[in-house]
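Some structures are shown below for you to check.
Two complexes are shown next, each including chain A; its partner changes from chain B in the first to chain C in the second.
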Partner chain A sequence: MISFDFLYFRPKSVHEALQIYQDLSHEGLQAVFYNGGTEIISRARAGEVQPDAVIDMKGIADCQGYRDEAEWITIGAAVTLSNITDEINCFPLMQRIAKEIATRNARNKISIAGNVLSSLNYREALLPFLLTDSVAVVAGPAGIKEENTAALFANGSRLEPGKLLVQFKTEKERAGANYFFKKKTKQSAVNYPIATLCAMKREGKITAGFSGICTFPFKDAKIDRILNDHALTISARAEEAIAHLPEKMVNDFHASAGYRHFVLEQLLIEMLEHFEEVS
Partner chain B sequence: MTERPLSVVGHFVTRVDGYDKAYGRTKYTADVSLPETLHVQMLTSPYAHAKINHIDTSRIWDVQGVRAVVTGNDFPIRVGPLVADRMPLAVDKVRYYGEPVALVIANKPHQAKAACNKIKVSYEQLPVINSPQEAMQNESVLIHEQLNDYKLQVEGICAVPNTNIANHTKIRKGDMEKGWKNSDKIVEAEFSFSPSDHAALETRAVRAEILPDGRVMIYTSSQGPFYVKKLLSQFLKIDEGKISVQTSMLGGAFGGKGCVQLEFLAYLASKAVGGKMVRLVNSREQDMVTSPVHIGLHAKVKLGADSAGKLQAASYEFLFDGGAYSDMGAGISKAGAVDCTGPYKIDNVHCDSYCMYTNHPYATSFRGFGHPEQAFAMERTMDMLAKELAMDPLELRMINAIKPGDTTPTQVHLNASNLGDLPSCLRKLKTLTDYKETKSKITKEGKIRTIGISAFWKTSSTPPNATAGVILTFNTDGSINLNCGAVELGQGSKTVLAQILAERLQMDMKKINVTFEVSTEYDPHQWKTVASSTTYLAGRAVLAAADDIIRQLKQIGSVALRCSPDDLNVGQRLIYLKDSPEYNMKIKDVVVAYKYPNGNSVGGLVIGKGSHVVRHLTPLDPHTGFGKPGPQWTVGAQAVETEYDPKTHAYRIIKAATVLDAGKVINPALAIGQMRGGMYLGLSWASRESFSFDEQAIVCNPSFRSYDVMRIQDHPDYLVDFVETPLVDGPYGARGIGEYGVIGMAGALANSLSQASSCNINQLPIIPETIWKLTKGDKQ
Partner chain C sequence: MDKGYFNLVDFRANGVPYQLFVRNADTLLHILREELGLMSVKPGCENGDCGSCTVLMDNVPVNACHMLAVEADSHHITTIEGLEDTKLQEAFIANHALQCGYCTPGFILNAHALLSHHPDADEQKINEWLESNICRCTGYQEIKEAIQTVQKELEGNG
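Entry: the complex of A and B
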């Protein structure tokens, strides 16, 4: 149960949503963009957030649905993870990752934007967009802009307040690339990852994405260089990659940093061996 | 009784609550909402141990709809079932994370919650006790400074003032020196696990109202409505007859609803608003940490055996993590001690079992009551001993299995009736699981498949005067109403009791109406619905009531049929002459008075009553533990097969098996279901369930997002079989079976994985990281 009152808006367009946000800001009210509510409702219930207003994105056409065009796939930010697992077959890595987030009931509610912009560490739905160098379409006071996903979310950043994630655009050829994915949890499959590793191989090059290891999901050019350095053995590459993580490993009640290290090393070796066998 | 084959008992009967549950029609306590009910919200402590300097409630009145606020000083009386050590709302200091500090009562739930957030409590943090070992070693931090002044509620609980010991139970049997001398092999090990949750689907809920004439009406999701009445009467100083407690069906309990906690709070809240009806429903988070939890343990076990594998001596030290208040924890530490050896003949036994106060959420009963905990430590040590002796673990258990003629740790003499037949259970387990010594098999993928086994026993820690009663009334069509104080919590008791009645009266199950709701106003007293005791206690009461009915029917029948009552039989809804059944009359023509053809009536209403009380139980001798702690033992054997990946330390549970000496299986489907449910509970606990505490003893995972439980895809295949050695005084020979499926699971799982990983897994939960740490330790 949420114990405080808040305003609720359901705009029909991106423009209207931003206008509502600005109007509320001028009145000194704090608004949040809202989709499935799995995070806002549970955090509001726990007293961790108390927004004055929620602006529901579900009525905005541009944020909904997905388009499969000649070279690009466009996925609306309000699309749910269940929509992805049920429908978006041309992006198998995305489907695979979505399928291992939470439970079916929760996935019916959790949106792409909700997961990518989550306050938690994991945000696994960002990984396929990072690996495919997707374009993030972001609306803000200065208009609608197409931004590089990796740059936009570098080092755990989220969107500036007042900006609205509208959709992701992914090159179709990249979306269909060969991939590796493995999520490791403390015990039950349905849980937060203590380590998620996904990777794609295109034109002979591996690029890898990580979640659960550090406080944010990431891909890292330096790590990718190490993983592709064939002068090193597979286990040396794994070890070296771990030495270059952007942050020290998370050490919490889900898993100790030492155990995460053990798990990640195995995942990296498994991934490298997988691609070696495939090629 | 004439010998005839059983027609209802021993047969599958659809559970009487099945359809309503399947269709979602069952109403649980929180499903009922009446107009004008006010809502209560608890403010709970953000610290595990802190002084309360000041509580400022002045700002709650800014919130619309607020009616009243209650803090600890409004009722500074200590309550509790065994040691009265807990104020319903904290006074002066809080002792665990999540402890209730204040209540706000408002028109709407959200108003009460908003107002709670406006209460300012000034705390001063105190050093915390974060484990039972710390509680024992660190005497500078006392959780209860005034333990000496606390009132002991029952005989046989020994709290030690100026320590953190809430109970100390001693077992001294035989001659330890001799036992160790006769031992060729001695193994020693330590075991530990943190507290965890019951995780019942239905969170605890209560409504309370004080009527203008002073009567207190409580509607609660409790396993012990009569116990609620008793404790409220005692601590609130209200006559028992003025308190009515009503309980509908429970959505799972697992022992966690045997405590009396929210009922005190709801009463205080109702009192604060002039007796109006109030409603208090735990959120999931509150249900996990504010209300009591499943106990934790740190144990040391030492076993000695001769070269043939015969156990010679055993010593135990149990430090139970009872949390901030003793509740049933003190009793659990006693129950673990009286059965410390498990189902094995050991002549020399030494046990010190303590319930320790810590700054963790406090513990109450959990299915198995000290036995899943004790059995984990003992069954692991048995496997370590088997390894030391180079003996098959099942063989070691077979040669030490306790038998009629042996005595328990508290020196109760055992016979076939009060014990059952463990060797038969072990033999059946072997067949059931296709067990051929615990040799691991290696699969094509390099995974290791291993069967781990365990054996268990348990007696019910009932008080020496535990009772149950039954009242039977008739409808004019001759159908019967069965009223008793047993609570239906998913275990199927009401179905089993109806079966026992149908069998005794030779009546169709369809003609028996069972009342699911329990009311202390019109149902006969029952101790509680706990301790696997309902089939035995209430079942015996049903038989007594049925016999009472039969006696009355024969009496009236003898008048109408002009014969002696001894000439008559009752069955198939008829009263008939034994030798000439064609001379008969319908029961329905008798039960609301028999009418002669001329209109004269005799007999009045036929009302059956019956009750049963446990007998010959005694408190334990404080120095040796000598005494009879429970009415009978139930024994069994279990196995778990796992597939372990030595590379990642991940594993899958493939099979879980139970063979139980049930005495007599009254309803096979329900009994199998009980065993499966028990195995599930035990495996979920052993493989993943545990509260994580930070350095300040704050619970890190008080929600299902982070508190892991076994999900449907993690279930193994469940195998169940029974042995039937009758309990002579049980209904149709039945023993208590409710808790047993859970007891040996942790031990069997740990034995399987210890064998597979070649390390001693002596802590729970067994997650891949647990095994990784142990194997890493081996390498270093």
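Entry: the complex of A and C
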């Protein structure tokens, strides 16, 4: 049971959602944007968040649906992970990752925006957007802007308060690239990752994305250079990549930093061997 | 009572239309049990992990603990009270797919939706859908067999 009360709004447009947010702010009330609500409900029940109002995004047409146009795929921020696994066949890496997040019941509710903007470390659905240099469409008081996903979410950043995620746009040719994906959990298949590694190879170059390793999901240009350095052996590339992580490895009850190191090294070797075999 | 913290919700539960004035902060799980008396919707983890609170919203399984009652507005909710004498219920009994029964409504609803969306679901698809529900008593095999028994019957009739 959620022990406190909040206001509930269901706007029909991005403009209306922003207006509600601003009006509430002027009254000194703190609102949150709400999609699947799975995280907000759990955190509210646990007393970790106590918003004065929730603004449900599911009634906004621009945040819904999936469009497959000439060169671009557009995925609305309110699209659920089950919609992705069932429908978005031209983005196979995204489908694969979505299928391994939570359970089918939960995925019927979890939205792409909710996962990407989750307060947790993992945010695994961000990885395919990072690897494909996708564009995030973000609305705020100054209007609607298209931003590079990697820059927007660098080093674990999220959106500034009052801004909302409307859509992601991905170049179709990038979405369809050859990929590698592996997620290692502590025990059961349904769990947060000790380490998730995904990678894509385009025009002979590998780009890799990580979740569960640090306190945020990331791709890193330096690590990509190391992974593509054929002067080094595969195991040396894996070791060197780990030496250049953007942050200390997470050490928690899911896995020690030492074990994470071991798992990630194996995953990197497997990924590099996979792409070597494919080519 | 501050009316801003409540909303009128218009929805159907097991085919019956309801108009309820609900607290925005109440979950669908709470309202189905405490307001409508649909006690088959079981609270377990209340954190989206166990599936014991599974209901169907427009024939799609969702965890009622992870949904606000206000989100049910204009939707059709089905609980196990809405399924009567289905082949699946019979197959659960015949295949010993339940022991204490706490998880059973959730499993049956999930399996019911699975078979209506994917009547010829293979083992992988069945596992993917059933992964949402946890059973502390059975070994899951009996549950899978109950579903496969119904699939065979449907095939036979088709």
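We take it that the second predicted complex is superposed on the first by the 279 of 279 C-alpha atoms of A that agree within 3 Å, B and C clash if a C-alpha of one lies under 4 Å from a C-alpha of the other, contacts with A are read in each partner's own complex, and residues count from 1 in each chain.
Basically, a residue touches a chain if its C-beta (ideal position, glycine included) is under 8 Å from a C-beta of that chain, and two chains touch if they have at least 3 such contacts.
Keep in mind that what you see is a predicted model, and the values were worked out from it rather than measured.
Visitor: So in the superposed three-chain picture, is A:Trp72 touching just chain B, just chain C, both, or none of them (first/second/both/neither)?
Guide: In the superposition, A:Trp72 touches no partner, neither chain B nor chain C.
Visitor: Contacts for A:Gly47 in the overlay, against chain B (first) and chain C (second): which applies, first, second, both or neither?
Guide: Only chain B is touched by A:Gly47; chain C is not.
Visitor: Is A:Gln266 touching anything from chain B or chain C once the two structures are fitted on A? First, second, both or neither.
Guide: First partner only.
Visitor: With the two structures laid over each other on chain A, which partner does A:Asn105 touch: chain B (first), chain C (second), both, or neither?
Guide: In the superposed model, A:Asn105 contacts chain C only, not chain B.
Visitor: Looking at A:Ser256, would you say it contacts chain B, chain C, both, or neither? Reply first, second, both or neither.
Guide: Once the two structures are laid over each other on A, A:Ser256 reaches chain B alone.
Visitor: Can A:Phe4 be said to touch chain B (first), chain C (second), both, or neither?
Guide: It touches chain B and chain C both.
Visitor: Output check: A:Thr38 vs chain B and chain C. Expected answer is one of first, second, both, neither. What do you get?
Guide: A:Thr38 sits against chain C, while chain B stays out of touch.
Visitor: So, does A:Ala189 touch the first partner chain B, the second partner chain C, both, or neither?
Guide: A:Ala189 contacts both chain B and chain C.
Visitor: On chain A, which stretch or stretches are contacted by chain B in one complex as well as by chain C in the other?
Guide: Chain A residues touching both partners: 1-2, 4, 42, 189-190.
Visitor: Write out the stretch or stretches of chain B touching chain A in their complex.
Guide: Answer in residue numbers: 109-111, 113-114, 117, 283, 285, 647-648, 687-688, 692, 694, 700-701, 705-706, 708-711, 713-714, 765, 767-769, 772-773.
Visitor: Can you list the chain A residues touching chain B in their complex?
Guide: 1-4, 42, 46-47, 186-192, 252-256, 259, 262-263, 266
Visitor: What residues of chain A sit close enough to touch chain C in their complex?
Guide: Of all residues in chain A, those touching chain C are 1-2, 4-8, 36-38, 41-42, 44-45, 54, 56, 58, 82, 99, 102-106, 108-109, 189-190.
Visitor: Provide the residue numbers of chain C that touch chain A in the complex, in ascending order.
Guide: So the residues of chain C in touch with chain A come to 2, 4-5, 7, 23-27, 30, 46-49, 51, 54, 60-63, 65-68, 70-71, 110, 128-129, 131-133.
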